[in-house]
Structures are given as structure tokens and as C-alpha cells.
Amino acid sequence: MTPDRLRSLLEQLQRGRIDVEQALEALQNWPYENLGFARLDHLRALRQGFPEVIFCQGKTVEQVQKIFRHLAGAGGPVLATRATGDMYEAVKQVCPEALYHHPARCIVHRAPEKPLFPGTVLVISAGTADLPVAEEAAVCALAMGNPVEKLYDVGVAGLHRLLDNQHRLGRAAVIIVVAGMEGALASVVGGLTSRPVIAVPTSVGYGASFGGLAALLAMLNSCASGVGVVNIDNGFGAAALATAINRLLKGDK
Amino acid sequence: MTPDRLRSLLEQLQRGRIDVEQALEALQNWPYENLGFARLDHLRALRQGFPEVIFCQGKTVEQVQKIFRHLAGAGGPVLATRATGDMYEAVKQVCPEALYHHPARCIVHRAPEKPLFPGTVLVISAGTADLPVAEEAAVCALAMGNPVEKLYDVGVAGLHRLLDNQHRLGRAAVIIVVAGMEGALASVVGGLTSRPVIAVPTSVGYGASFGGLAALLAMLNSCASGVGVVNIDNGFGAAALATAINRLLKGDK
Amino acid sequence: MTPDRLRSLLEQLQRGRIDVEQALEALQNWPYENLGFARLDHLRALRQGFPEVIFCQGKTVEQVQKIFRHLAGAGGPVLATRATGDMYEAVKQVCPEALYHHPARCIVHRAPEKPLFPGTVLVISAGTADLPVAEEAAVCALAMGNPVEKLYDVGVAGLHRLLDNQHRLGRAAVIIVVAGMEGALASVVGGLTSRPVIAVPTSVGYGASFGGLAALLAMLNSCASGVGVVNIDNGFGAAALATAINRLLKGDK
Amino acid sequence: MTPDRLRSLLEQLQRGRIDVEQALEALQNWPYENLGFARLDHLRALRQGFPEVIFCQGKTVEQVQKIFRHLAGAGGPVLATRATGDMYEAVKQVCPEALYHHPARCIVHRAPEKPLFPGTVLVISAGTADLPVAEEAAVCALAMGNPVEKLYDVGVAGLHRLLDNQHRLGRAAVIIVVAGMEGALASVVGGLTSRPVIAVPTSVGYGASFGGLAALLAMLNSCASGVGVVNIDNGFGAAALATAINRLLKGDK
Amino acid sequence: MTPDRLRSLLEQLQRGRIDVEQALEALQNWPYENLGFARLDHLRALRQGFPEVIFCQGKTVEQVQKIFRHLAGAGGPVLATRATGDMYEAVKQVCPEALYHHPARCIVHRAPEKPLFPGTVLVISAGTADLPVAEEAAVCALAMGNPVEKLYDVGVAGLHRLLDNQHRLGRAAVIIVVAGMEGALASVVGGLTSRPVIAVPTSVGYGASFGGLAALLAMLNSCASGVGVVNIDNGFGAAALATAINRLLKGDK
Amino acid sequence: MTPDRLRSLLEQLQRGRIDVEQALEALQNWPYENLGFARLDHLRALRQGFPEVIFCQGKTVEQVQKIFRHLAGAGGPVLATRATGDMYEAVKQVCPEALYHHPARCIVHRAPEKPLFPGTVLVISAGTADLPVAEEAAVCALAMGNPVEKLYDVGVAGLHRLLDNQHRLGRAAVIIVVAGMEGALASVVGGLTSRPVIAVPTSVGYGASFGGLAALLAMLNSCASGVGVVNIDNGFGAAALATAINRLLKGDK
Amino acid sequence: MTPDRLRSLLEQLQRGRIDVEQALEALQNWPYENLGFARLDHLRALRQGFPEVIFCQGKTVEQVQKIFRHLAGAGGPVLATRATGDMYEAVKQVCPEALYHHPARCIVHRAPEKPLFPGTVLVISAGTADLPVAEEAAVCALAMGNPVEKLYDVGVAGLHRLLDNQHRLGRAAVIIVVAGMEGALASVVGGLTSRPVIAVPTSVGYGASFGGLAALLAMLNSCASGVGVVNIDNGFGAAALATAINRLLKGDK
Amino acid sequence: MTPDRLRSLLEQLQRGRIDVEQALEALQNWPYENLGFARLDHLRALRQGFPEVIFCQGKTVEQVQKIFRHLAGAGGPVLATRATGDMYEAVKQVCPEALYHHPARCIVHRAPEKPLFPGTVLVISAGTADLPVAEEAAVCALAMGNPVEKLYDVGVAGLHRLLDNQHRLGRAAVIIVVAGMEGALASVVGGLTSRPVIAVPTSVGYGASFGGLAALLAMLNSCASGVGVVNIDNGFGAAALATAINRLLKGDK
């Protein structure tokens, strides 16, 4: 139940094109739908501008399939993150048009054909091993309606790779920086731009990265200002925050 | 050296109102000024929209006084955070108009008289003990040119205090949530709004808050999306990120 | 050796229906039975109201089978947690009526047919991935004789799902809240009710949940009062504490 | 605004003894009262059975005084924890009858003259250095209306001190165990009783107690069941959970 | 090269039964033997009373086989810990009489046929899941020449199982306590005896045991005195310390 | 009530030198004495060979004074650790002969005039800053009846200082190694001797010692065997374990 | 593009042997080459004296193959670390002369035939399980042009193995110490030599090594001076730092 | 006893200018001198090129004074770090020429008048609050005989401050990078130079720097190679490692 569909439904009722019974039927799973093991939050699109996203990790293949089918039935876009290949096979059976983005591990259905928001989201990554997380951020940001650009493998060990692309920082509205190891790229980018920077630490690194803790702490302690941090490996979270900012730019409620 | 002053200087040169020597003199400490123990980054206002902010913690009273004087000499606004009363006394000797905001522990000089940016920054705090951090966020956001509103002591133990004020969430452009203990307020606010939420964990709490670690981890793990996290007790950092977003709204570079 | 069986045995002796030899034989493995690798604590039902529960993790299939057989031989209910499918197959060979609850990973034998205690235990979970832990709590609570209700997938990112069911909080005697990620649900529920709340953090979440540490710390730091916390993913522990409270209500020693 | 006072007010209105204006005036700060820096949650007594408790740590003396005065003005009992002597001096100026319990660091006003609830709360402590936390638990439990007994300095290094008092465990309804160092007392007590045990780790100990972390982890990992844990040094939290259980026994909503 | 063999060699030389060349040949790999990837410390039996023990974890099957063969060639007892079944198969090819102790994961060769030392080492374990570590301690202690007794599954949740066997504590010279979860057994045993207690934390437990950290910290913080702690799951280390104490009793250098 | 005094009392009763009333009076505070805030464990000397030791940290001056007086009244030796100068002043008022050992921060009363046990306890320290902990170990070991030798400031950065004294290792029965920073001294000593080594990590060091955690982990991971570890800065604990070993040597129960 | 090749190219242009178009073509992927998922930093050999090294962990086999091919195409040496056997098979298809060093898990191509630098790098390891990391250090140091010597399995539990080889410390220019468990070897070596010591903690050890944390902290806290630490298991990092020092000795820029 | 003094002494003996008695007297405190609480390692200058340095933290004023006097008596340079003003006052009484460097908190005596080694040590710091640690590194490096240059307050938030001084990196032999917060400066400098980089994390920062842990982990995880890390706030350690490298350049043993 996207905001547009809800508005349209209520207008049809107001104009007498449907009666109350029809409206009630359309709204019967609204604002949430109880699957027993899950309560689908159909109100979320109204409240947050995008329907509930399926975080597949920790769910069974059957649960993912069932939730995907119900959310798809609500008529809006559907996005599933941390999806395995098996989950995608199951989803395809109930929703054949859904697409799988491999390194990003995302299933996307009914992504907007063109951007909904004005500002470009620039996804920057430090190294090749950070690519799955960077791609999750990029695929999610696209699915949510943002124009997306990418600047990959520009870690601070070879600073000229970033400085050569410094002009691209200024053209973006929001910058997502994805980095593991010591996560210094977030501070360096933050120091070069006045744009809001969303930092995503990754779990890439030798032993003392402690599963991403090193990059996480580094980003939280960034000496550059204007940097907000999301969870380790959470490309989706960065995309969601970028979308919230971009919605402001468009003037959406 | 604010952007406006630099532009004006260059225009005067172009129009022949000053000569190259005069321009050079005005620019002599530009882009940074070496005090020996510190290099003041006068370029920062151009690059990031606000001059370098003085983080007083770990500096001596003399160092704060000297840096404050030099930054004030550059002609723009000056902001010092984590300033003790002693530091303020020393600053007043070289800059008598500077103001001290007590619970926020900030010294402010030449704050803008009216907001520079369009969007309201709403600062929400969970409990009374979080007030110093919330005030740091509010005072810094004001000093940087944002319209600021406050909604204090609305922790989730008494959820109706927040729900009664839910309409104020929608009126804000950016929401800063300041909370210690378990930091749940960030998730609850994040679930109620489509606005970007900047979460500030505080070091308030019993033993197992471990100096704010509990709230920090909670905010990073927020099940609501659209939440970016800054360092523990870092009200300034939240204000800076809010300003970066607000500058986008105004269309500033 | 449940309290009822022990009392009955002693009464039979008192009334001369059995002689001392017979009583001794019945008591020969009492108060504990030495299997070599394990000492079965048959006294526990007397002391704590429920026989020793088998925590299968870290035990071999053979050990689980052997312990299950001996505990079943004592005549009371038997409960095994963290049991794999292989363990269940082995248990079925020695105790064919035992039942396996799949997502809860519990083997249950001779569960009470109707509740033994008056108060309802309400199990609330935040997300679908928390379901195995929530089910462990529910299955154990049922096996121990509590009336159980469930309210699943009502995490704070969609607060209306919980608020719509707020009346169910008041009808319960004890509330078990199962949540991973930031664990905020425990605080929110705690703030809405005067009932004792038992919080179970789960290991569900992105990197910085650090295996459930984030939710654990959040729950320990709950700003709502009346919340007691058990170990990460320990649904059984929550059920046991709920049972201890419920036994009080019934007036059991 | 305690439940009794609210009921009485509404009955007076119903019976025509007061008019709507008078009722409104009485209710004007209801359900919460905005002091600017704090929102007093007058609804909490209704929702949780006891008015909001003042956690003094992190608040200024002036804030504590002001909040105390307003809560006292609501007519019910008032309880402040972690109060310094200075805070008590300030409170006495506005509320001369308030009492200070020294090792517990609590200010109590209008504590019930006799117990409100039927079950005894037994507070057990491991060592003399745990006394301030144990006393906080005992004083808070008393102030909230529980009958309270104490059994101090019975740590497991001299187990006979506890075993000699084992009969007192069975006479209690709820047992609060306060222990630092390795916190083993919670497990030992938990193994000896079927009563709900509330474990309070304290920060007492040599270096590797890490501010109470050792006892906290030990209690969360208790091999005895029926144990719920609260925050380090949080005697108040244990009392609040005990009260929630005791209210059930009385049959309160 | 055990102390006895070395003494005998030197005496033979002194008495002219062998010549210097023969002595040199016998000593050629003494005090250590360089295998390239390992330097076997043949001096260790002299210095510490027992030959170098092979810690198999992190070594390849080939390395274990080769080291075992060389140590066996030195003529004394050989002990390998953390050995997999594959490693044992490889060792058997070069040393057919070597024995494998399954739950202890130890390979033992030429263990003493009767105890070398006077004092009994009593190995106590808390639960069945601690058995592999307890068995490692027991097998190693036996192989090093200690009389060994076992008392398993006497965790503090059923304290009577331990109290019933209290007399066995006094009969032992050294007590090894193996426990996971909250590790309280070490404190309880320590409080009941004046014997030296060696505490071995195990990695058994729910999430917040953090791989044995909870038990480790608990044991280090034991309120009972006379307790020394070894590494998590390090049954071998406990046996080695017990042997060092037992050697004192025998009066060995 | 030391073992000797108890035996003497019972013998006097047996021989008719005192009557039952007199024996009862003498035993009235036995086996423990309830001071309200503390239960003095007079049985401990019987059970563990030394009376209860007062750990002063976290106790008030008044509590220390009162406990000291009561323990002194029992007639045996009294030992208080972590005592401040103020505490000693208070103790002197009730027990003028008590002595204060300054860097060790111990108050000792009625220490044995000559050693009770045969084996020498050698206390080794790594650096001068470890001296207070080493002295606590030495003073406590002496007070408990052990012959004590000291070898201070022989850290591994200047290995020859230790190697020059290697012969002293072999003359000791038990070796206590006190070291901060990286705690390597425990492993080096452990590798040079077959004696039981008790390792005491100290909180001495730069930032990443994390209050002694670095040395603690190092000692637990010692590659040398025969090493048992006690808590950070816990010199007393090392002395108590050394005494337990030494009592074995004497053949005490 | 090694420094020599770049200089040669520019000289050819200067002397008219190639024209600008040819030079441009040769330089077209210079200073970095964008593969889409990776930006190869061809400038690194100029800046740091050795081409970019491929850290294979977290990369796919295809990515490793492609990067290896492009770096090999630049004409200089190629080094890949943390390479699996599968990766080597893929690399061999595009670069048949590349060699695989098994325990070091490194692929090396065009290693220098004789040392480029004057000083010997001595790699010391504590135990056999540390061998893979020690070999990574040795193989990388060789591939980068250093003379390399090895001294393995000389842990401090058998100190004479190291002391016997003490003369080799003085012959080396730089010493790399590889050790797990308590990592004491770094301090002992550091105390015996005036050479710069590079310490590499490994993840070898029992539970409380916490994946190498114990050795890492120990090495950072070394009481011997002249010790620099690299990441856990990071043999490559140690080799790179040794090379930087060795380049100084040669007088390279 | 510096190497030069020892050589001179032995040459005098060889040439008959002193007799054996005189030589013995001069060597009587050699190789170490036992002060009771400390063993001064006079051999260290021979072994490591610089006499033992006094780490004052954790020592009493009297101990520092006494050690300083004895080391000064040995005739070489003396260096004390972490010295308070009180300690300096005490040292001046016994060694009036000693100098105190205030922000570095070092006492220096008989520093070399001109550099002993050829390579310049460049000390770079990120922010003004890092100055005490940077100064400790600089003062110690000077006292040990290195030419020293400084480049302060060039943190990555204003990258141009560093890039403007990039030419100075190449002129140095060894670079010490001192940074708190996220410590990114080490990686950025490491990426710009082929010189060995010694990284010193500082404890400067907001809450989640956790006393320097964030910077420490970042530096250990540096994506740039050629970086060795020392302990938090350990400026001395960095200077000592730089000196070890510089001694190599000079060709010293």
C-alpha cells in the first residue's frame, strides 16, 4: 500500500467510484498483515516513504518466499537484502519478474524506472573486498529511487585515486563511504566535502579488525565533521539514510 | 576567511579597488595559519561551509585562547566546544563579546542573527541527564545557522510524552536524538518518521552502559532505518551533520 | 521423582502399603543418579518445581539419549533444549512418545495436558529472525505448565503493531520480550505495563550486534523499570523464571 | 497523581462534588508536567503502580530539588536514588519531612507505613562492600510497599553462612541477590530455591572484575534457572522488578 | 632424554662403559633437535620434569607425526594434546603402541605404569558438556605420573551433589575444577577446602559466555582464596600445574 | 578461633576443666559472628588454615575497625589488605600492636614469629612500579607463615638480571611472578623451572595495557606450563595459593 | 610500471627514440588503471618502492586472476598474499610462471633473482603453529628484495633455543618476531638486541588468546624498547616495514 | 656505563694506565646495580645503544630521584619520561643540570650536543591535543641522538596542510605519526611515502575512542604498508624504535 495507491483508493471512494465494502476489502490487510510468524507493516510506505524491506538473514527460505509474495501483493516495490541464491530461486517461483543482484545479495522487484529524487548518491569504496557492501548500498539506493554513481577502490593507501576524482564529490548530494580495515577513507572524504557523508564500516581486514570493529570505531571518531555512521556491513542502512535526505530535497513529507 | 569575504576580496582586486599587495596581505595566513602548536585551517569555511571549530578538551587554556583569537581575527563566526569556565574567562580577555552557554559548555562568537538554512533541526533527548549533550547539539546547530527546536525528556519509559509530540517530528527537516542508557529512543523516533535521524549516544547510565557503549551499539543496530550515528556524547558532531544536510536544502555548494 | 510421587511413596510407607525395602528401592537413585559422565539431580523437581532440564548443546547424541532415558524413567515430564534432529531420532528410540518442536529445537515428553499455573505468560518477539528463541521460550513455558500466548513480529520500527495489542499486555501475568538488534522492544514494553518483564536478547543482527551483545547491554540498561534479563538466546531461561513467578501465584512452595 | 487520587477525583466529579473546571485544574499537569528540562510522567503511577523515581546521577542539585518538589506536589510517595548529601540538603528545604538513607544514597518521602503487598522480598548480599547496593535495593523495595528482610555477608567462600539460613529462602516470595567479584552467590541461591531470583552484580572487586563485568556475565550465565539479572549496582532496578512480581501476588492490575 | 637416562649415560661414561664418542652420539640431538619447522626441546624433561608436550592444534598431520616420532625416539613418555583422529592414525603408523583417549583428544605413549607422585589429583567438573576438558586434565595428569580421581557433573545448580562428596576434597592433594557457564564451582570448592585449587574455565554456555570469558573472569574474581586459573579449555595446563605441585611433595628437584 | 584454640577448648571440656556453659560461651560466636553488616567466618581457619582476611577496599573505616576488633578478639592472627592510612589509624585505636606495611598497604597483627611451613616462597617482580603488588604478596605470605624471599626488578628487557639469579628459582618451593606491561616474565620464569609458578598481572603500563588486561591475557596464554594466574594486582591471592601449596608440604590437613 | 621502466620510457622520449604518442600509449594506464571493481595503483612502485600487492582475502577467484594479469602486464614483480590453491590455479592460466608458496599462501611472480638491499631480515618464530605467518613474512620479504634468514620454534618456554642463536640477532639488520599465545618472544628478543624489531602477533592459542588479542596486547606493551607491532597474522605487513627500513640502508629514495 | 666509557676503561687497563683493582672498582656495579627496589641495567647501553630510561609513572618521587642519581653516576646520558613537576624538583636536588621539558613531561640530562645519527626523524601530529605525546617522541628522539623535525596539527580533516608539506616526508629517514581520534593520519602518510612509519595512537577523543583503542586499531589495520605501531600515548617507544633504525644507518652494532 504505497502512498499513491492509498490516496487513489480514498479518492475513488470519495468520488463514488467504489463503495465502502470495496474500500474495506482493499484495506483489509492494512495497516499490517499478520502471517503468524510475521506482521507485515503496510503502513511503512506512508510513514517512511518506502515499504518494509526484507532482511533475509536469520529467516528460512520459506519465510522469505511468503513475505515476499505478500509484500508484492500490496502492489509497490519489494526489496530483500542478504538473500542467498536459494532464497532467490524460491522467490522467483512466486514472483518471476524479481531480479537478483549477485554481489549485492539483493532481490529487487518493481524498482522505479527512473529516479524519484533529485540528488545523486555517490557510493565510494576503499578496496575490492568491500565491493559486496558497496553494491548493497548502490542497489538499495537505486531501488529506493535515488540516482546513483559509484567510485570504487580509492582507498587512502593510494590517495591520488581519490584526489583525481575530487570533483565528483561536489556533484553528489549525499556520499556513502564504504571501507574496512582502518576506515580512514571516511575521514578523508569528510574533510574534502561539505556534503553529508554516510560511513559504512566493513568486516574486511586482518585479525585486529575484529570483524569490522576497527573501522567502526575509526568512523565514529572521524576528525572530519558531517559524518554519520551505520552498522558494520550495512549497505542497506546507508542507502535508507541517503534516501531520507534525498526525500527532503524533493520536498516530500 | 569565510566564502563571502574571500569572494569580496577577489572582486575588489578584479575591480581595481585593491592591488595585488593588499590582496596578498589579506591572504597571508591563507589557506592555513601556523601557530607552531596548531595550523588553523582557514580554508575550511570554503570547503565545509563553517570555519574550523575548536575542540577544547586536551588543549591548555592558553592554546584555546590563542586559537580563538586567531580564528576571530579571520572575521567569521567562532565556535569552541567542551570549554571549561576557565577557558571562557581567558577567551573573554581577547574577545569580550564571546558568549558562554553553560550546560552546553560552548563558547560562541558572531553566531548568525537569523537562520541561514531553511530546515528546522529538532533536538530530542531521552532524560534530564542527557541535557548537556542535547544542549551542545542545539547550541552548535544554532551557531551554524540552523533553526532549532527542542523536545526534551521524552524517553521511552513514558512513551506518551513522545507520542503527544509526534506532529513535531514531521515539521522538522532533520531530527537529532540524544539518549543514554539503552538508547531505544533513536529506534522509536526512527520508526515514526521519514526524516533523517542523527543519533547521539550519551555516557549516561548504570555500570553496564560502559561509558555509553550500550547506547552506541543500540543505535548502530537500530531496527528502524534512516538513522546515522555519531560518537558518544558528540552533540557537536550531530549538529555538523545536520548542517551538512540543511545546506543541501538551501542549495549551497 | 516429582513432589507428588515422593509424597505418595512416603504415605504408602506410612500406611504400611509398602515396606522399607520397597521404599529404599524406589529411592535408590535418589536424590541423584550417577551415570558416570552425569549426575541426574532427581531432587530438582522438589527443590525447584520441575525436573532437571537437558541442555543438549555440547553433549553427544549418546549422552542425550542416555540422560533422557533415565530422566523419563523417573516418571515425570522431560524437557530437552537445543536438541538437533539427530538427537531427537536417538531419543525416539528409547522414548517413542517424545515430541520434537522444530524451530524451538526442543524435545518434550509428558508435558502437562492443561496448565498447572494461573497466570498467562505472553511471549513477544521483535522480528521473524527472533522466532527460534521466542519459540524456545513458549515451548518451555508450556511444558512447565504455564498458559502461553504469543505476539510476534512487533518490533519498534512499526510501533503501531505493538500499540494495537497493548490490551494484551495487561491480561498477562508475566511478559517475555525476545529481541535482537538494538533490543529496544524490552524498554518500550516495560514502559507500557506494570507486569514483570523478562527480556531475552538474541544474536540476530548486523556486525555491531556482536553476537547479541548490543541487545543484551540495551536490555540491562533499560530506562523502564521492572525488567529482568537472561542470557543471549536463552528462551529456556526466560520460561524458567516466568514459571518461578507463576508458581508463586499458585501458592506453591 | 496516584491511582487512588485519580479515582477519587473522578468519583467526586461524577457525584457532582466538584465541577469540570475544578477537575481540569486538578488534572492540569496530567499526564505529564513540562519543567522545560524534564517532563514529569504523572501517568506512571497508573501505568506502573509507582510514581516516577528520580535517578539523581547526572542531574544537578537544582534539577533534583525542582523535580522532587513537583513530584511531591502530586501527592504520592517520592523516591530519589543515587542522591548525594548535597542533594538531600536541597530537597529538605522544599520538603522537610523527606528522609535520607545514607549507605543506600536514597531520599524517601511518604513511604507507605505498612506493606502494600503480601510477599516478603529477601535481600541477600555476598560481602560487606556490596552493602550500599543491597541497601539501595532494600530501601527502594520498602518505599514501594514490600515487606523486606535482609541476609547480608553470606558469600560462597563461607558457604555454611548461607546454608544455615536456607529456611529463610523458602519464606520469601522474591529473592534479590547482590554480589560482586565472581557473583557466584546468585547461582548457589538459585539452585537452592524455586523462588524467582533477581541478581544484582556489583562493581566490587579486584582489577579483572572490570567494574562489575565479571559478576554480570556470571549471573547471566547462571547454571541455576529462575534467575533474572539487572544492571551493575542497580539495586533500585531489582526492587522495581520485585515489586512488579509482588503486585501480581496482590492481584493488582 | 629423561633425567634418569641422562644420569645413566653420564655414569656409564664416568665408569668407562662408554667412550666420549658414544656419549656424544647419544647426546647429538641434545639439548634440542632441529627439524627445520620445529626445535624439539629435549632439555625440558630435565628442566621441568616432563618432556615437551605436543600441542597439535594449528599443526599439520605430517608435523605432528614427525614430532611424535622424534620425541618417541628420545626414549621417554610422549603426550600429544588436541589431536584429531587423523593425527592419531598418522602417529600409529610410526608408533603403533600409542593410545588415543577420545573425549580428551590426547595421544599417550609410554605413560607411567604406576603413579610417580604421592598426592591425588581430583578432577571435578560442573556439567556433562565440560567433560572433554575435564578428561584432557585427567588423561594428562595420569600420563605425567599423578594418581587421579574424578568427580563429574556436580555443578552448583544442585549443590547437594557436591556436598555429598565433600570428604573427597580433603583426601586430594590438588583439586582441578573444570566449569563453563558462570564458573561458580571454583569458588564453592575453594571455600570448602584448604587444598590448592586449579580452575579451568570452559567455553561451554549460552551467548554471553563469550567463548568462556564469563567463566574465566568469574574464576579470576573468586571470593574464595587459594585458586589459580589457567586458560579457557586448557585441561593440559591444569594437569601440568598439578604435577609441578605434586613433584614438590615427592621432593623432586 | 584457630584450630589450636578450638582443640584446646574441647580438651578442657573433656577433662572437666571447664563446663558446658563455659564452652558454649566461648563458642557463642562460632562458627560465624553476625555484626549486622558482616558475618565473620570464624570457621575459616579450620577449613582453610588461616582466619578470614579483611579486604578493605569498598569498606568504610568504621567497618574495617569493627571487623578487625572482632577478628582480633578471636585470638588468632589478623590480616587486612588494601588498607589506607586512615584505616590503620582507626585499627590502632582498638588494636595498638597492629603493624602497617606501607607499600603493601597491609595491616598485620600477630603474624607468626617464625615460619610455619617448610617451603620458601620466592616473590619475583618485573619492574619498580610493580612493587606495591609484590610487597602485598610478600607481606601476606609472611603473615600466613611462609618463609619468603624476594627478587625484584628483573624484567625481561634485561634478561641477564634474571639469568644471574636462576639458581634461586630452584631453591624455592613456590614462585610468585608479579609483572605488568606484557607480563612476559611469567612465561620466562615458567620455562626455567619445574616449580609451580603463580602469576600476578599488574595494572602497570601504557594505554593498551587496559588496566592490566594485557598482562593478564599474556599470563593465561603462557607457552610455559605449570603457571596458574590470579586476579590483576591481587598479591594477596597469590600468597594464599602459595600457602595452600606449602601446607601440603607440611602435611597439614 | 616500476621506477626503472618509467625512467627508461622518459629517457627514450627525451632522446627521440619514441614519440609522444608512443609514450602516451605506454602510460595510458598510468598512474592507475580502472578495472571497474578495482583501481590498480601503478604509481605505488614509484611512491613506495614496490608495486601494489594483492590481498586475496575477500576477493573472488576471478577478481584475483584479473588483477594479477593486469599487474603482471605492467612488467614488474607481482605478489599476492592470502591466496588459496584455487586462486593459484586461476592465476597460472594467465601467468604460467607464477609460483605458489604453500604454507605462506603467497603467489609470487618475477621475484628478484638476488637481493636488492644490503641488510638481512631475520624471521624468528615462537612455535610450529606460527609457521604459516612466519613463512608469509619470509616469502614476502624475499619477493621484495631482502636477504632473508629464518630461526623457527624458539619460544620462551625453552629459552636456551634462542640464547644459543643470540649471535644471529646481531648479524641481522631487521628482526621480525612471529609469536602467538602470550607473545613474550618479542620482548625477550627486543631486550637482547639493538636492532629494530617488528613484532607479528598470531592467532595461535587456547581460548583466552581471543584470536591473537593476547599476543597483540603483549607486544604493544613490550617492556623492551625498539619494537613496532603490525596486525595479527600480518606477515606481509612485517615484510613491508622491514623493506622500508632496508631501502633506507641502500640509500634509495 | 656507555659503550665508549667501557671501551676506554678496558683500553686503560690493557695499556697499564689503571690496574685491575681500579678496573674492578669502576665495574663494581656492572652489569647491573641492585638498589633493593630496582636493579639498574648498566649493560643496556652496550646491548641497546642507550642507557636504561626511567619510566616514572607508578614510581614514587623518592624512587625516581634515587634511580636518576645512580644512572647519572654511571656517566652517560639520563632520560626520564612521564615525570611530574614534583619529580623534577627532586631530581634537580641531586642533579642540578637536568632539564625539564614541560609538555613532553621528560627530564633530560647530558643529551648529546649534536646528532649522533645521520637520518632525520620527522614527528608529525594530527591535532593540538596530541602535542604532549608528539613532544615526548621529539624530546626522546633528540636525547637519544637523532636529528628531529616537527610537523604538527596536520590532521586529515584539512588534508592540504599535509599535502603542502609532502616534500618534507621524503627528506626524513623515519617518520613518527602521532594521532588520536580515528588515527587516519598514519595510513595517509604511509600511502605517501616509502619511509618506515612509526604510528603512535593517542588517547585523545570523544567517548568511543575508548582511551585510544580506536586509533590503535586503526593504525594496526592501516591499508598502507610500512607502518609499525607502538602503545597508546607511547611517544618514547616511537623514539626508541626510530633510534634503532637510525643506528643501522650509521652502521653501529
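Order of writing sets the labels: A, B, C, D, E, F, G and H. Residues in every chain begin at 1.
Quick note on the criterion: a residue touches a chain if its C-beta (ideal position, glycine included) is under 8 Å from a C-beta of that chain, and two chains touch if they have at least 3 such contacts.
Here is each chain with its UniProt name: A, B, C, D, E, F, G, H = Nickel pincer cofactor biosynthesis protein LarB.
This is a predicted model, so every value here is computed, not measured.
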Which of these, B-D, A-H or G-H, makes the same contacts as E-F in over half of the contact pairs?
G-H
Chain centres from averaged Cα atoms put subunit C and subunit D apart, in whole Å, by 27
For the pair subunit E and subunit H, the C-alpha centroid-to-centroid distance in angstrom is 44
Measuring centre to centre with CA averages, how many angstrom lie between subunit D and subunit G?
60
Can you list the subunit A residues in contact with two or more other chains?
47, 127, 157-158, 191-192, 205-206, 208-210, 213, 216, 220-221, 225, 231-232, 237
If two chains touch, include that pair; go through all of them.
A-B, A-C, A-G, A-H, B-C, B-D, B-H, C-D, C-E, D-E, D-F, E-F, E-G, F-G, F-H, G-H
Can you name the residues of subunit B that touch subunit A in the complex?
47-49, 53, 119, 170, 173-174, 191-198, 216, 220-221, 225-232, 236-237, 240-241, 243-245, 247-249, 252-253
Under the stated contact criterion, what part of subunit A meets subunit G in this complex?
127-131, 152-154, 157-158, 160-161, 180, 204-210
Flag every residue of subunit G that touches subunit F in the complex, lowest number first.
126-127, 155-159, 181-184, 186-188, 190-192, 205-206, 208-210, 213-215, 217-225
Partner subunit A, residues of subunit G touching it in the complex
31-32, 36-39, 41, 43-44, 47, 52, 55, 57-59, 63, 67, 201, 203, 211-213, 216, 231-234, 237
